[in-house]
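Right, one structure below, let's go through it.
By letter and in written order, the chains are A, B, C and D; residue numbering begins at 1 in each of them.
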Amino acid sequence: MVSVEQLDGGLIEVTARLPRLAAAAVPGQFAQLRCGDHGGPLLRRPFSVAWTESQTCSFVFEVVGEGTRLLAELTAGDVLDSLGPLGRGFSVDAARGEVVCVSGGLGCAPFPLLVRSLRSRGVRDIIVLNGAASAERLYPADRFTRGDAGVGVVEATDDGSRGHHGFVTELLAPMVSSVTAVYACGPNAMLAAVATQVTGAGSPRVAEASLEAPMGCGFGTCLGCALPLRGDGRGPLWGLCCSDGPVLPLRSVDWAALLALPAADVA
Amino acid sequence: MVSVEQLDGGLIEVTARLPRLAAAAVPGQFAQLRCGDHGGPLLRRPFSVAWTESQTCSFVFEVVGEGTRLLAELTAGDVLDSLGPLGRGFSVDAARGEVVCVSGGLGCAPFPLLVRSLRSRGVRDIIVLNGAASAERLYPADRFTRGDAGVGVVEATDDGSRGHHGFVTELLAPMVSSVTAVYACGPNAMLAAVATQVTGAGSPRVAEASLEAPMGCGFGTCLGCALPLRGDGRGPLWGLCCSDGPVLPLRSVDWAALLALPAADVA
Amino acid sequence: MSSAGLRVDLGRGLVLPNPVGLASGTAGYGFELAQLIDLDRLGALYTKGTTRLPREGNPPPRVAETERGMLNSIGLHNPGVDWVAEHYAPLFAAWRIPVVVNVAGAEISDYMHCARHLDGVEGVAGVELNISCPNIAHGLDFGRDAAGAARLVDAVRAVTGRHVMVKLSPNVTDIAAVARAVEGAGADSVSAVNTYVGMKIHRASGRPVLPQGTGGLSGPAIHPLALAAVAEVRAAVRIPVVAAGGIDDVATAFDFFAVGADAIQVGTASFADPTTALRVLDGLAERAAAGRIPARWGTTAVGSP
Amino acid sequence: MSSAGLRVDLGRGLVLPNPVGLASGTAGYGFELAQLIDLDRLGALYTKGTTRLPREGNPPPRVAETERGMLNSIGLHNPGVDWVAEHYAPLFAAWRIPVVVNVAGAEISDYMHCARHLDGVEGVAGVELNISCPNIAHGLDFGRDAAGAARLVDAVRAVTGRHVMVKLSPNVTDIAAVARAVEGAGADSVSAVNTYVGMKIHRASGRPVLPQGTGGLSGPAIHPLALAAVAEVRAAVRIPVVAAGGIDDVATAFDFFAVGADAIQVGTASFADPTTALRVLDGLAERAAAGRIPARWGTTAVGSP
């Protein structure tokens, strides 16, 4: 039971009847989706839970390889096989007053759900800083706000085709001292840039990012999804993206080591 | 460009736009069909050309494994990737007057095309002896005759649910001496039974069968599709089903050796 | 589905309630999977490869997918044998599923150390000597040399009364020779196969995806290779043979019983579907109930290939 | 697509117009494929394994499909070297594509006989010694033993002035040692890999599908294994390395150039699509035209794994 929506710029939003996942998922958690049936890839692919209704869950992605190609081919009536919710989500309890979400590209995925959750917990003002390569690749602002006046979206594009011309992280600096929480999701370079802005004195109490790593299982048994965490100075300590994360405090990640790793894609 | 017709008893007839195959195929030849796309089986599957129109070819099969399951899933608009025509077909030149076709189960596949070809070459009477396990698994008689009064179909079923109760080969005995050609296709045991009826004196000049073997390529390069041919007495000589056959003179096959081989299916 | 009557006695105290186990490195130490499935119904849990000292493992990427297979280069990321004996074993002791600790090392003394520390520890049903890990320096030496493997087993045999299973490497010219050697040295059983050395290239850079260059290939792609290897091992030794390699349903598991395996391990398939081993077990129980499992899981005579 | 500038000189007179060849046993002696594709555009045809005397081959089934792979047990069905030299070579001589005759045997004298009979025969561009056929008795002995392989190459070297390529078996503990040994004995190049020993079980009977029990696994399933093997061979020898194993498009072919192969062979993929090798060649020519092929096909330094 699936519906597939093609957004501008190649973004795709798939909504499927997954009542148990919908009931259990907290913002920032992900599901392992099977792509294709027997002939499809051996391993599942991880996707953030982008939205839930009582019976359904939505995921946002674009086609980057075989798995996402098969997901994009789903049609109404197909069954989506999902395992989850998995991993640790965002800390929402300490957020108060104003918070900011920083999204880069497909990093938008966890934020609609996070925004709803924060608002339902009484967070007054939420600013979503949403960046992408170009205007048509921006996830639509109203999918973050869902008509809620307490949520604002500020956009940035690398090519200046909409909103701020430049990196989305450039929009963060002026607000970093006034918010109680920063949540980020996007490319590693963007996350590292966010991390440098939230490590000084007067930084927000909550500063977290959702990270990615190639996954074997998604539930902590294969030890495949290692991410470099800050160690004791003798090199990084490997944490697991799927079970220590995917959401991690920005200060616990060894950003230099992370940026030095080969790209996660294998194309 | 495909149409798929579900017949009774699990038989399926697929018709696809394959103009070059349609133009070139002679009765008894086969095509190597790709089943599914990238995720499907590595190797193609061989199917007899059952019927041709100027632009299309038809194939008859039932679902026995992964490849045929994927073929059965084809829907209108899908492309059928075919390699062929391949192999040697039936000898039609020497046939005159009366001929008989003996079909067992899915052995029906090559006969509609053969019957049309024989009639167009002036063969007066064609009897198709069509056997199957039960009535609903019989390929419909009118697909052999296509309304042609010069073609008769006599049916046999193992369970007696239609026509002669027993083996189709039992119907052959009374006519074997009066026909100029016997063409057979079906399970090996049936073909062997036909072979014993056509080897004595007064046997028809043409006595041929279409055989099967697991195939790697279908065009003579892998040497995978070995069939035991009559050798010089020191054991069988291996011929290639795909290029020496699939149609072979009944007398050139080493039936004892063939029946001693493990079944071709690998389920 | 009842799994009574599926008991497998592998010798020296290692009795599996049924032949369906979870392969080393694909089920951690069981804690995560216990949240997802009823672990206690299974026949055995083979833990992540455990070493003398804790190990951080290799830098990522540690896994990469191939055609119907996956490469891994985890590098024996594990908390060390002391931690396992002190903190995990007491939890294992509360489970019904026998836990076999997979042990790895670089020197014979490493294996001896681990075996000694696990000997007599409640909750540890036996050790599986991983002499075949392709992802650490020297990790393959014992597995690739029959004499070396025999020396290793001999030394470990001297320090433990527990069941000693030896996990064979398929990356060898003559797996039967290694199997015979470890049997001769006192191994109670062998398991086969570990992963095959493989590589994947990152197309944009032309460099290997895994920083170590190579990794271990597992999954359906290796199933036919593992079958041939297990058949060869079965023909070479009398001790029980525990089979692994590309099992993803009851049919692929049964293929191993057909070549004479005594028990099986489900590996990579658990990643995509953590219930795979339970499905295999249910299928097995169904066949057993229908009388479709002859003595010793229907061993057929398969000549040494 | 032009393929000018793709010439590969493998030494001792074996010059390939381009690096894309058809692997032994997957193109027969070329005659059937010549009906289906423009064979003369390709870089080399490696013939079916050819023996001293004609061979009938193994009883069927000879092929069986596995997950993204196939097993074969053809058993060197071939007309014998005399027939090839007398009847086929004159036809080869009329082709532009260099034809390398793949030679197999049970004894050193068999190989010597074949090499001698093919030496100086017009139309035969070289011999590829198949020391690694898993489908005949003794067929693996030379390929699995570095010293034996060296003796074989040494003996063949003495009776032919033609290019001698040695086809390595991957079913060994140390493929680099075998490669070094044959290089030392005078091989002009090596090709790797031949098929991996595998098995498939007929589910209804529980018996192997292939009457010999095992067969050789080829196709996409082995691609990651072949990449690791070729990388290891590349690091071990200085002579040219011709790579095979699971190539089914230009990307999978390029993976081998990334690990330092000088040329490639397309095998199993030709069965499903006889135009595969031409597609690979076109893709290669396109990349070459775009300057995306550095010297020696973009060899990157891949450490011995």
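Everything that follows uses one rule, which is that a residue touches a chain if its C-beta (ideal position, glycine included) is under 8 Å from a C-beta of that chain, and two chains touch if they have at least 3 such contacts.
Bear in mind the structure is a predicted one, so any value in this text is a computation, not a measurement.
Computed centre separation for the pair chain B/chain C is 48 angstrom, with centres defined by C-alpha atoms.
A separation of 57 Å divides the Cα centre of chain A from that of chain B. Averaging Cα coordinates per chain places chain B and chain D 36 Å apart. Counting partner chains per residue, chain B shows two or more touched chains at no residue at all. Residues of chain C found to touch two or more other chains are 68-69, 200, 203, 207, 220. If touching chains are joined by edges, the resulting network of the protein chains shown is one closed cycle, each chain touching exactly two neighbours. Contact annotation for chain pairs lists A-B, A-C, B-D, C-D, with touch applied as defined. The part of chain B that touches chain D in the complex is made up of residues 34, 41-44, 83, 213-228, 237-238, 243, 261-264, 266-267.
Those residues of chain C that touch chain A in the shared complex are 25-28, 32-33, 35-36, 48, 56-65, 68-70, 72, 74, 77, 200, 202-205, 207, 209, 211, 219-220, 268, 270-272, 274. By the touch criterion given at the top, residues 66-69, 71, 144-145, 171-174, 196-201, 203, 206-208, 212-214, 217, 220-225, 227-229, 231, 246, 251, 254-255, 257-259, 298, 300, 302-303, 305 of chain C touch chain D in their complex.
Every residue of chain B that touches chain A in the complex is listed here, in rising order: 36, 38-40.
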